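Listed after this line are the structures, all set down as C-alpha cells.
In what comes next, subunit A is part of two complexes: it sits with subunit B in the first one and with subunit C in the second one.
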Partner chain A sequence: MAVTSKQPLGAAYSATQAISQAPKRKNLIAIFALAPALAVFLAFWLLPFSRLILMGAEADRSSGISAYFTILTHQQYLISLVTTVTVSFTVSLVAVGIAGIAGFFLARHRFIGKSVLVAILTFPLAFPGVVVGFLVIMLGGRQGALAQLSLWLFDERWMFAYSLAGLFIGYLYFSIPRVITTVMAACENLDQSLEEAARSLGANSWQVTKDVIVPGIAPALLSTGAICFATSMGAFGTAFTLGTRLSILPLNIYGEFTNYANFAMAAALSVVLGLITWVALSLARKLAGSNVGAPV
Partner chain B sequence: MNPRIRFILQLSFTLLVCLFMIIPVAMSVMAGLTENYFVGLKSGLTLRWVNEVWQLYSDTIWLSIKLALACLVIATLIGVPAAYGLLRSRRRWANAIEELLLLPVAVPGLATALALLLAYGSYREFRGSWLFILIGHVLFTLPFMVRAVLSVMQTARLPLLEEAAASLGANFRQRFFAVVVPNCLSGILAGALMVFTLSIGEFNITWMLHTPLTKTLPVGLADSYASMRLEVGSAYTLIFLVMIVPLLVAIQWAGRLSSPRR
Partner chain C sequence: MSSSVNIILTQCSRTFSGGHTALQPLDLHINAGETLVLLGPSGCGKTTTLRIISGLESPDQGGRVQFGGQDVTTLPIEKRDVGMVFQNYALFPNMSVADNIAYGLKIRRLSRSEIEQRLAEVMRMVDLEGFGERRIEALSGGQKQRVALARAIAVRPKVLLFDEPLAALDAKLRDRLRLEIGQLLRKLGTTAVYVTHDQDEAMALGDRIAVMQAGRIAQLGTPQEIYHQPANTFVADFIGAVNRLVVTGKGADGQLTVPGGELTAPHLQEALSVYCRPEDIEVVALADAQVKGRVLQSIFLGQSQQLMVDTGGATPIQVKASSRQHWPTGAAIGLTLPPQALFHPELSHSKLATTSAKEQANG
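Now for the complex of A and B:
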C-alpha cells in the first residue's frame, strides 16, 4: 500500500480506503490481469479476423468483382444463404416446441426414473457435430434404423441421411438438449403461485399454459431458440459428415477455400455467416443475461 | 382433460423424445461391438473393432488429450487473472471486454480457423505443429473459463475478503494467491472441466487447422466415418463416448458444487 493517508485513525486506517482511494492502482491491476488474455485475443483473433473482413472485399475469382457484392448478385450464394437460414430457423422453432413441452413436463413432475430421462435428454449436449452427423447416419443412412425397418416392412430401403432432411434431423438432435436444460431451469424459477392463482380463478390447464407459463418463460424460450439458430447456422461438423454436396453456407465456405482456392469468397461468406450468428447470440444474451452461448 | 390422462400423454411424448436421442447412440454402441453389423447380433459380440481403432487411431487420442491438457493450463493461466481483471474493472469496460473475448465463440469455428490460416498459415513450422491447433482451442475455450470463474468471484464477496486481508497487511500477491484463488476454486474447477471437454470434442476449428501429422480425436472420427466400415466408425465413437461421459458427469457434479452459493 503505497498510499499515504492523512487520516489519523491509527489501526482503523484500513485497506478499504487504500483500495477505494487508489483508483489508478486498481485500474493498473485490472489492466495487468487482463493483459495476457487480451494479447492472445488481439494477436490470434482480432487481427486475423480484421484481415478476413478486408479480404472479403477483394475480387472474387470467378466474377472478378468484390466478393461481398458477388454474394448479393449471384443466385448460387443467395440460395445457399436462404437455405441455411431457413433450415436453421425451422429447426429452432421445432426444437423449442418439442423440448419446451418435454422440459416443462420434466420440471413439474416427480416420478421414478426421471433422472434417467433427464440424463438421456441432456448428455448429447457435449457431442461434437461430426458425432451427431454419424448418429443421423445410424438413423437414416443405408444401413440405418429406418432402412432396416422399411426393408422388413415394405421391402424398400428408405434413407434420409444425406439430404436436407438428414441435416434437419441432425440439427434437431443437438438443439433439443440445449432447449431442455434452459426450459427446465426457467420453469424452476417460475413462480408457482401464479399458476395456482390462475387456477383458483377458474382457468383451465390450457389457459394456464397459454397465459401464465408460456409468457413466464418466453425470454428463456426466445433466448435458447436464438442459440439453436446460431449453432445450426455454423454447424460445420454435422453437415460435413452428411455430405459435402449440400448447398449450405458452412460447406460453401469449406468448398470455396479447399476446392477452388477462392480465398476472397471464402472470407466474405465467413464474415456474413459470423455476422449472422453474432447478432443471434447477442440477442440471446440480451434476453437471458448469462448464457455464454453454445458450441458444437 | 383428466390430469391423469394429461400426465400419461406428456410422459409418452417425453419418452418419444428420449427414444429419438438414445436410439442412434445405442445402435452405434452395438455396431461397434458386433462382429458384423449387417448380419446383426447373431454374428456375435467382439472387441475386434475397438482393437482395430486403437491400432489405427491411438495417436489421435493421445494428441487430443495432450491438446486438452495444454489448453486447460493456458486457459487457466490467462483466464483466471482475466476474470479477476473484469471483476476489478469498471462495469462498462468489463462488459465491452467480455463481449470481445466472446467473439471466437459467437462466430462459427470455421470462420475463426479461416482467419487464422490466412493470417499465420504461411509460417510453415508453426502451421504444421500442434501449437497451431492449440491457439484455436484456447481462443474458443477461454470465455467459458472466464465466465465460470467470474460468476463465482461475483458471489464470493471477494472485495470484502480482500479488504480484510489487506487491512492485515497482505500485499497484492499474497491476496491473490491466498484469498482470491482459494475462494474461486469451485469456479476454476467447473471452468477447467468445461475447457477440457470442449477441447476434446472440438471439430470445426480443428478440421481446418490440422495436418496429416496433427490429427485429433474428432478429426480421426470424421476420417473413419468417411473411409472405414461402419463397425470401425462405431467402435471409435464408443471410445469417444467412454472418454466424454465421465467428464460430463464431473461437470454436473462441479456445477452442483458451486451453485448453492448463488
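Now for the complex of A and C:
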C-alpha cells in the first residue's frame, strides 16, 4: 500500500488493524440497514405465507384428508379451478386481440380527439372491481340496457350479468385499458426502419404486420396478457357484485373462509391461486425475454 | 442485370405539415447504371430526396418520379422494386441471417430451389458464406451491414438506395466496406443512389455527386469537378479544406497582393479573394517564396502534417506538408501557391485553373 508506507510504523499498524476490523463493522451496518426490510418481509410475507402453506396441508373439514389433495379429488373444486383458469385465459386472449389492434391503430394514427379517446378508453383503470360489476349489471342485468331492448323488441328479458358471460365482460372491461396502454407504448418504441425495409422488399401491409410488427411487440403482448390473466384470476370485487353463486376461486376462498370456517381449504385454494398466477407471470417474463431479440 | 433504369425527378419538392420546406423544387436526372451520391450536411434535403425516390415519401403536388420512363410517382415503395440499405441496418431481429436475406425472395414467391441458389450467390458476394443460421444479435456491425446489403441485392432491384449505410461503423471498417460496396455496385451495374455526409465516401463511390444545401442542389458533377471546380464557396468549403486569401491590392504586372506576399493569377484579375487547397501549397525556401509567414501550429497526422501559417491575414493559412519536415512554432516559412491551384468558385474564369493544369500535364 503506497499510502501506509509513507507513514510512521505506528500509523501503518493501526491502519492495518482498522482494515481487519472493517468487514465486521460493515456486516453490522448491513444488518442494521436491512433490518426494516427484513422485518417487513418476515411480518408481511414469510410468516403469513408459510402459515398459509402449512394450513393448506391440514385436513379438510368435510373430506377429512389434506385440503390440497381434496382440491384435486373433489369435482366441485376442480371445476371451479378449471373455470377460473379458462375464463381468465380467454379474457386475456380476447383483450390482447381487441386492444392490441386498437392500441396499434391509436399509436399510428393522428386524429382530432385522439387524446380524449385514449383517456376514455383507459378510464376503467380508475374503477374498483365493485363498480365494474355494477356496470355489467347496468348492461346485462334484470333492469339492464340489453334486457330493456329485448323486452321492447321480442317481449322477453335477455340477461347475462349473473353468469360467467357477465364475469367475462367485466374482466374484459378492466383488461382492455391495460393492454391498450402497453401496446401503444410498445408501438412507439418499434423501429420504423424495419417496416420500411420490409416494404422495400415488396411486403404488403398484411405481411409487414405479420413479419415485423407482431414479432416486434410480441414481448409486450405476452407480458400484458400475463398481467391480464393474473388480475382476472384474483379479481374479487366484480365476481362478488355479480353473484356469489359463481363457482370461481376467489369466491370459493371467501366462501370457505366466512361461511364454513374451513380454514384449511381456504388456505389451500389461496396457495393454488397464487401459484398458478405466479407461474403465468414468470413464464411470460421468460418467453418475452428470450424469444424475441431486442431491436438493434 | 444489364437492364438498369434511369431515374428522373421533375419538380420534386417536399413541404412538411408544419410548413417547413425540406426540399425546394428539384429536377434530377440519374443515368441508368450510375451511382449518384447525395452529399451534404444534415438537414440539407438529401435523405428527403432519397425517400422520395424510394416511395417512402411523396413529393408535393406537381412533382414526378420516373424509373426508366415509367411514372412511379403514385406507387408505394413495395411496388417500386427498389433495394434499400439503412443506417441502422434494419435487420429483422426475429429471423436468422438466411431468413433476412431471403425475405424479399419469399415475398416474391420464388421456388425453394431458386431461393436457395440466389441466397448462396449473394452470400458469396458479400462474403457471408456459412453465416446463414446465425442470429442477428450474434453479428458485428460490419456483418450486419453486409446482411442488409445482401438482402437488398438478393431481389435484383431496379434501383439500389443507400441511406448513410456506413455512418454507424468505425473508421477502419467503414473504409473497407466502402471499397466493397464500390466493387459490388460496379459489378452489378444497378442504378444506385447513395446518401452520405462523408465527403470521402462520396468521392470514392460516386460516379457523380450532388452536393446539397438547404433543400437545393448546390452542385452536380463528377468528384473531380466538385473538388477542383466547386460551384460556390459552400461546396468548396464542404468538400475538403480550403483557404481563402483576401486580395488587398493589385500590382502593375497583374500580381495580386495578399497578406504576406503576392500571387500570380492571370485568370483571377477581378477577384476580391482567391481560394486554394492546403495540399496545393508548396513549402519552399524563403528566398523563392511568394508568401511568407510564421508557423502558428503544426499537427502531425502520420502521412502528412497540417501547418497553420500566420501571414498577417485575419485567418491563418492551412498547409499540408510532408510529415518528415520539422516546423517548430514561430519558425519563418516560405510558401508558393501555383496559379493553377488558385480558384474562385463564383468566377467562371476559375475554370482556367484546371485547363492550365491539364496543359501542364500534357506538356
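In this text, the second predicted complex is superposed on the first by the 245 of 296 C-alpha atoms of A that agree within 3 Å, B and C clash if a C-alpha of one lies under 4 Å from a C-alpha of the other, contacts with A are read in each partner's own complex, and residues count from 1 in each chain.
Note that in this section a contact is a pair of C-beta atoms (placed from the backbone, for glycine too) under 8 Å apart; a residue touches a chain by one contact, two chains touch by 3 or more.
What you see is a predicted model; the values in this text were computed from it and never measured.
> If we overlay the two complexes on their shared chain A, which of subunit B and subunit C does A:194 touch? Say first, second, both or neither.
In the superposed model, A:194 contacts subunit C only, not subunit B.
> Is A:138 contacted by the first partner subunit B, the second partner subunit C, both or neither?
In the superposition, A:138 touches subunit B alone.
> Thinking of the overlay built on chain A, is A:215 touched by subunit B (first), by subunit C (second), by both, or by neither?
The second partner, subunit C, only.
> Of the partners subunit B and subunit C, which touch A:207 in the superposed model: first, second, both, neither?
The second partner, subunit C, only.
> Counting touched residues of subunit A, say whether subunit B or subunit C comes out ahead.
The larger set of subunit A residues in touch belongs to B.
> Do subunit B and subunit C land on any of the same subunit A residues, and which?
292-293, 295-296
> Spell out the residues on subunit A that touch subunit B in their complex, using ranges where they run on.
Spelled out, the residues of subunit A in touch with subunit B are 1, 14-16, 18-19, 26-27, 29-34, 36-38, 40-41, 44-49, 51-52, 55, 98-99, 101-102, 105-106, 109, 111, 117, 120-121, 123-131, 133-139, 143, 145, 173, 176-177, 205, 230, 233-234, 236-237, 240-241, 250, 253-254, 257, 263, 266-267, 270-271, 273-274, 277-278, 281-282, 290, 292-293, 295-296.
> Within their complex, state which residues of subunit A touch subunit C.
Residues of subunit A touching subunit C: 191, 193-194, 196-204, 207, 211-212, 215-216, 292-296.
> Touching subunit A in the complex: which residues of subunit C?
Interface residues on subunit C, with respect to subunit A: 54, 56, 76-79, 81-84, 86, 88-94, 103-104, 107-108, 135-137, 144, 148, 151-152, 155, 161.
> What does subunit B use to touch subunit A in their complex?
Residues 1, 3, 6-7, 10-11, 13-15, 17-18, 20-25, 27-28, 31, 37-38, 77-79, 81-82, 84-86, 88-89, 97, 100-112, 114-116, 118-120, 135, 138-140, 142-144, 146-147, 151, 159, 162-167, 172, 197-198, 201-204, 207-208, 218, 221-222, 225-226, 230, 233-234, 237, 240, 244-245, 247-248.
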